[in-house]
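Okay, got some structures for you below.
One chain, chain A, appears in both complexes that follow, with chain B as partner in the first and chain C in the second.
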Partner chain A sequence: MLKYILSRVVMAILVALTVSCISFALVYASGDPAIAIAGENATPADIAHIRHQFGFDRPVPVQYGDWLWKALHGNLGVSHYFNQSVASLIWPRLEVTMTLGLCAIVFALVLAIPMGVIAAMRPNSIVDRLALLIAVMGQAIPSFWLGLLLIVAFSINLGWLPASGTDSWQNFVLPTIVLGYYAAPAIMRLTRAGMLEVLQADYIRTARAKGLSRRKVMFKHALRNAIIPVVSLAAVQMGFMLGGSVVVESVFALHGAGFLAWQSISRNDLPVMQALILIFAMFYIFFTFLADILNAWLDPRLRGR
Partner chain B sequence: MTTAVISKPLTPRRVMMRRALRHKGFLMAGTVLALIVLAAIFAPLLAPDDPYEQDLLARLQVPVYLGGSWDHPLGTDSLGRDVLSRLIYGARISILIGLIAACVSAVIGTTLGVLAGYFGGRVDKVVQFLINVRLAMPVVLVGLAVVSLRGGSLWVVTSVLGLLLWDRFAVVLRSATMQVRSMEYVAAAEVLGAPLHRVLFKDILPNVMNHLIVIATLEMAHAIILEAALSFLGLGVRPPTPSWGLMISEGKEMLLFDSWLIATPGLAIFVLVLCINMFGDAIRDITAPEGRN
Partner chain C sequence: MAETVLSIRNLTVDLPEGADRPHAVEGLSLDVRPNEIVCIVGESGSGKSITSFATMGLLPAALRPSAGEVLFEGADVLKMSEAGHARLRGNRMAMIFQEPMSALNPCYTVGDQIEEVFETHATLSRSARRKRVIALLEEVRLPDPERIYHSFPHQLSGGQRQRIVIAMALAMDPTLLIADEPTTALDVTTQMQILKMFRRLKEERGAGIMFVTHDFDVVAEIADRVVVMQKGRVVEQGTAEEVLNHPTHPYTRQLIDAVPRRTRAARETDAGAEIALRVQGLEKAFHTPRTLFSPARTVRAVANVDFTVRRGETLGIVGESGSGKSTLVRCLMRLTEPEDGAVWVGNQNLLETQRGNLRAYRKEIQIVFQDPYGSLNPRRTIGDQLLEGPTNFGVPRAEAWEKARELMRIVKLNDEALYRYPNQFSGGQRQRICIARALMVEPSILIADEAVSALDVSVQKEVLTLLREIRERMGLTMLFITHDLRVAAQVCDSVIVMEKGRIVESGPIDRVFAEPQAEYTRKLLSAQPGQGWEVPDLGVTA
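Right, the complex of A and B next:
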């Protein structure tokens, strides 16, 4: 187990370093960052001044090393737009995004697991078809459009929930539904497939033969085994959802890290953009790492791989 | 005299054709897709108006289903452009971006996946590392960033999506290739001294083709949704291009009083993506029915 964890840690660190290189290199994809920051009406002297001030006149590997070293110490640079340290901008907003992500994954699990179990209990029944329909629709509906439809229905027509803002728990309801519905289909399908497979197993037949009730067999014996891959999928989905939060937070003007990312990119605020890509990637790496470890812990057969 | 019914031999191709003609999802999704593709190709003939022409005197006319006139069956937007015409031309943008992005990512992902599955060992380690790096990059964020830095042309959007969506191809084709690699006919070809490219292109690739096609449909749908999302966020294709995502973004400004404006383009994205996904699922059922869950 220790060896397995160690190999995963090494992989995670290598991936993190590579991603940091890429997010740093993104700045150079725009050509000269000094010109981008200076704006359209800048004189050559302004540009030269900015180039020196931000350290763009140093060799690229030195700049990268400097940036990474500072980032590791929590110093992510200064936002050009807010003139404020990137870290102090990001942390409070990350709290909003994490809250949204947690609510959404809970919503997705509560929606998808029972649906998957019920669908697997009666394959090809109406309930199964209905669950499949909900899943297929969830994969095809653009999340920003669903968000707007919910705003029209619940904010404009019914007036039950606010359309935008971050002030109260009510602001989180609609974004949670949109983001959770986005994650639910994969969880539902995996639960259903896992249940169908587990229900074929000998120990289920034994349990039934012992005279245990159907419900007890389903939830105590079958679900416990079918849930193992779902747990790690949920962790991976959590990583993906932080990326999905960019779109959802923008629709609802929920002032989280995703909304900040969208605004910073629109404003060409490079340090914030770089830092957020890095942070979102780190979250993904962390959650997939967590998923791997959880998997290996729950299912010892996987450790050998 | 009785006429002898001579049935043609049941080749795998004919078996698949039969399954396809009996598959409801395949027929339904296929028909709708064919209609959308035809509409996209013949857009200049079908569209009642110029999708770019503004008519400020006929702004925000409501569609027929809300009591509007047949001059503009789906109404007009806030600049007086005919929504139906923009919708039909918009199909071109979505399908073009989806197809090209799926092709680019198919080439990248298939190359990596087949090489990893065939050679295993170090090559496999490197490819798995690349897949992990790619998965760690948040697609929407990187897409937004690249478009904002490079400008929102159709080509930038298409290529950034093509370069980002290859992960599933690599993952699936890697394991499919591993399976095919252990088959005896591959070993036979190798023993007979077939050159590497022959083994890869004649023995491996045709036998993982069904996986390739299924993933290609899924990723095409994925690319279409992402293009719409980027355009919706203002960092995809640029106005006045009739992109469906852009149309929703423009309609969002009028959400309070003219919420019907976002209904049409959103429904179009939904139907197109739904049909592509259903089509992909149907191809999987038809080519490998045992793989159904």
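Right, the complex of A and C next:
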């Protein structure tokens, strides 16, 4: 197991380095960064000055090394637009996005896994159909519309929950539901399909032949096997929720990292984009790594590889 | 007469509507007494497994017992609640399954899985449970019980896993053991050890054992009494001696008559015929490259293999799983690239043929695989699949169609089968279609890779007869890969015995089986079940 974890760690680091190269290369992807920073009316002397000031005249590997070294120490450069250090810009917003993302994935898992299990226990029954209906609706309803509906119902008509802002935990309830409900159907369907398949397995019959209770057969023997692909899916969903929550953040006026990403793209604010891409990629890598470890713990066959 | 452990009276289990018959099992009655092995034999679909599942309360939801009773130690299990029945399962009655590879949960150690039985049915401390498990592992003769206890199923071989399942079944010392084809998926030497274990269990523990099998050799090896089933009904039952040697029901007689004899069907072989296939120094090793975390590994799957086959001869290739039989076949057809050696078909060395020209020579060697269900494309008609080969080689469609009709007649199927889809045929029919498909391109060599292993004994007999007819009619050269020495003895002229990628013995089949030279051949032969039993000559006309 230790060997497996070590190999995963090495893999994760290699992937992270590759991603850092790509996100560094972004600086040059849209032409000479010095010209972009200098603006439209700059003279060649201004541009040369900026090029020297920002260090763009050094060899590329040196620039990358320098950039990476600083990034590892939390120095992600200065935003061109806000004229503020990128780190101080990102951290508070990342907190908002992280809170939302974690709440949403927990909500999605808590909703989807039991629903999937129950649906699989009685395939084609009313319960199963109901679960399917909930799932299809989750996939079909656009997040912004569901968000607006919830605001109308719970904030305006009932007045139970705030419609926007980040002041208290109550502000996160509606966004969590909207974002989580978007992720839940895929998880539910995978759980249901996994359970249905596993329940046909010979070892489930063996477990029943041992005289185990139905509950033990279901939860100890079936769910553990069925949940393995769900773990991998949830990791990807989690990464997606952190980076792709911009719609939900806009609807509820939560100023999170997704919203910041959208702003910096529209303003061509390279250092911020670069830092966000790097951070989101690191989250993906981290959650995938976590999922790998969790799966290896669940399924011993994976450990030997 | 001793008290019965299990007494099934007029059991009927309904099939869902739309099945080919109304009942999976109909009016079945049988008894199992302590200290007795009762074998239920029958072909696939005869209802023998359904009977054991009904007793264990493990029937699929679609099947329901509709009449009769299953009395276990005097109480009718069909009338019990699910929880009540569960209290007996794994406790007073236990079951051993066919597929040891999938019968254990991959996520838990085997020690854990055996312990679960004690957790469910006994009140024992943790250390006491553990001690009992270790004792059980010793009883089923697993080496190094301490290590096995902490192993996961995927770290054990098929035979070892089956021993784990048996240990699990024995945990609470049940009075009734049900075994559903427990040795079918195992190699013959492992099978022998497991069969011996069943005999020992009967003697030492005095349990009643209901043993479901399709193999009459296994019946001959262990049965005290035999129940023969056909299409859900018991057609004959009696002592092993009666049923095996003096069967009375026509179906039993037909089944026993279909068991291959241990002697070769007499026929002429032309020792002077030209050599059809010559294999020289064939080598294939599988390399697992070194990674950051594990060293490189090399397994020699085919090691320096030499043999020749004459035109019209049938060469058997026998050996246990992992002996390299299948890799050898794949190398011969260059489905896998061998690393060294030569494969001469006529004057052409297949291994030196350019990839582009290979197609023309592939036509010379055709193959019939083990699984008749997986070998045909379910979405295309039989005709389409048969025509694909010859039309690829430029034969006009009309001509190929004529050929397909002729072959359908040869494999004893109707012409209109060409318009139908694979799912409309039984396993035996499909295998005949696969043979026809292989013959469509008029190969000079036909390889049968365990081609009859998945078939019921009576169907197996049909296919073997068909292969013999085709061989005589077309002068076909055949390579017959099998793990079943009875089948090999009947159809092959000569044989090579493989172990770990090497040929350990080769020669005319009569000589090799009568006077084996190699240690491994002797081991294989002595592990054959049912050696004391000669198939009686019943004079049944097939």
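In the analysis below, the second predicted complex is superposed on the first by the 234 of 305 C-alpha atoms of A that agree within 3 Å, B and C clash if a C-alpha of one lies under 4 Å from a C-alpha of the other, contacts with A are read in each partner's own complex, and residues count from 1 in each chain.
By definition in this document, a contact is a pair of C-beta atoms (placed from the backbone, for glycine too) under 8 Å apart; a residue touches a chain by one contact, two chains touch by 3 or more.
Note that the coordinates shown come from a computational prediction; the quantities given were computed from them, not determined experimentally.
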Touching partner for A:10 - first (chain B), second (chain C), both, neither: second
First (chain B), second (chain C), both or neither touched by A:277: first
Which of chain B and chain C A:221 touches, first, second, both or neither: second
First, second, both or neither for A:103, with chain B first and chain C second: neither
Winner by number of chain A residues touched, once chain B and chain C are compared: B
Touching partner for A:210 - first (chain B), second (chain C), both, neither: second
Partner chain(s) touched by A:257 [first = chain B, second = chain C, both, neither]: neither
Partner chain in contact with A:26 - chain B first, chain C second, else both or neither: first
First (chain B), second (chain C), both or neither touched by A:187: neither
Which of chain B and chain C A:131 touches, first, second, both or neither: neither
Residues on chain A lying within both footprints (that of chain B and that of chain C): none
Chain C residues touching chain A - in the complex, by the definition given at the top: 56, 58, 82-83, 86-91, 94-95, 97, 99, 102-107, 109, 116-117, 120-121, 152, 154, 165, 168, 292-293
Complex interface listing, chain A residues touching chain B: 11, 14-16, 18-19, 22, 26, 29-30, 36, 136-137, 139-145, 148-149, 151-152, 156, 189, 192-193, 196, 242-244, 246-247, 250, 261-262, 265-266, 268, 273, 276-277, 280-281, 284-285, 288
Chain A residues within the chain C interface of the complex: 3, 6-7, 10, 201-203, 205-214, 216, 221, 224-225, 298-301
Interface residues, chain B side, partner chain A - complex: 129, 132-133, 135-142, 144-146, 148-150, 221, 225, 228-229, 232-235, 245, 248, 252, 255-256, 259, 262, 266, 269-270, 273-274, 277-278, 293
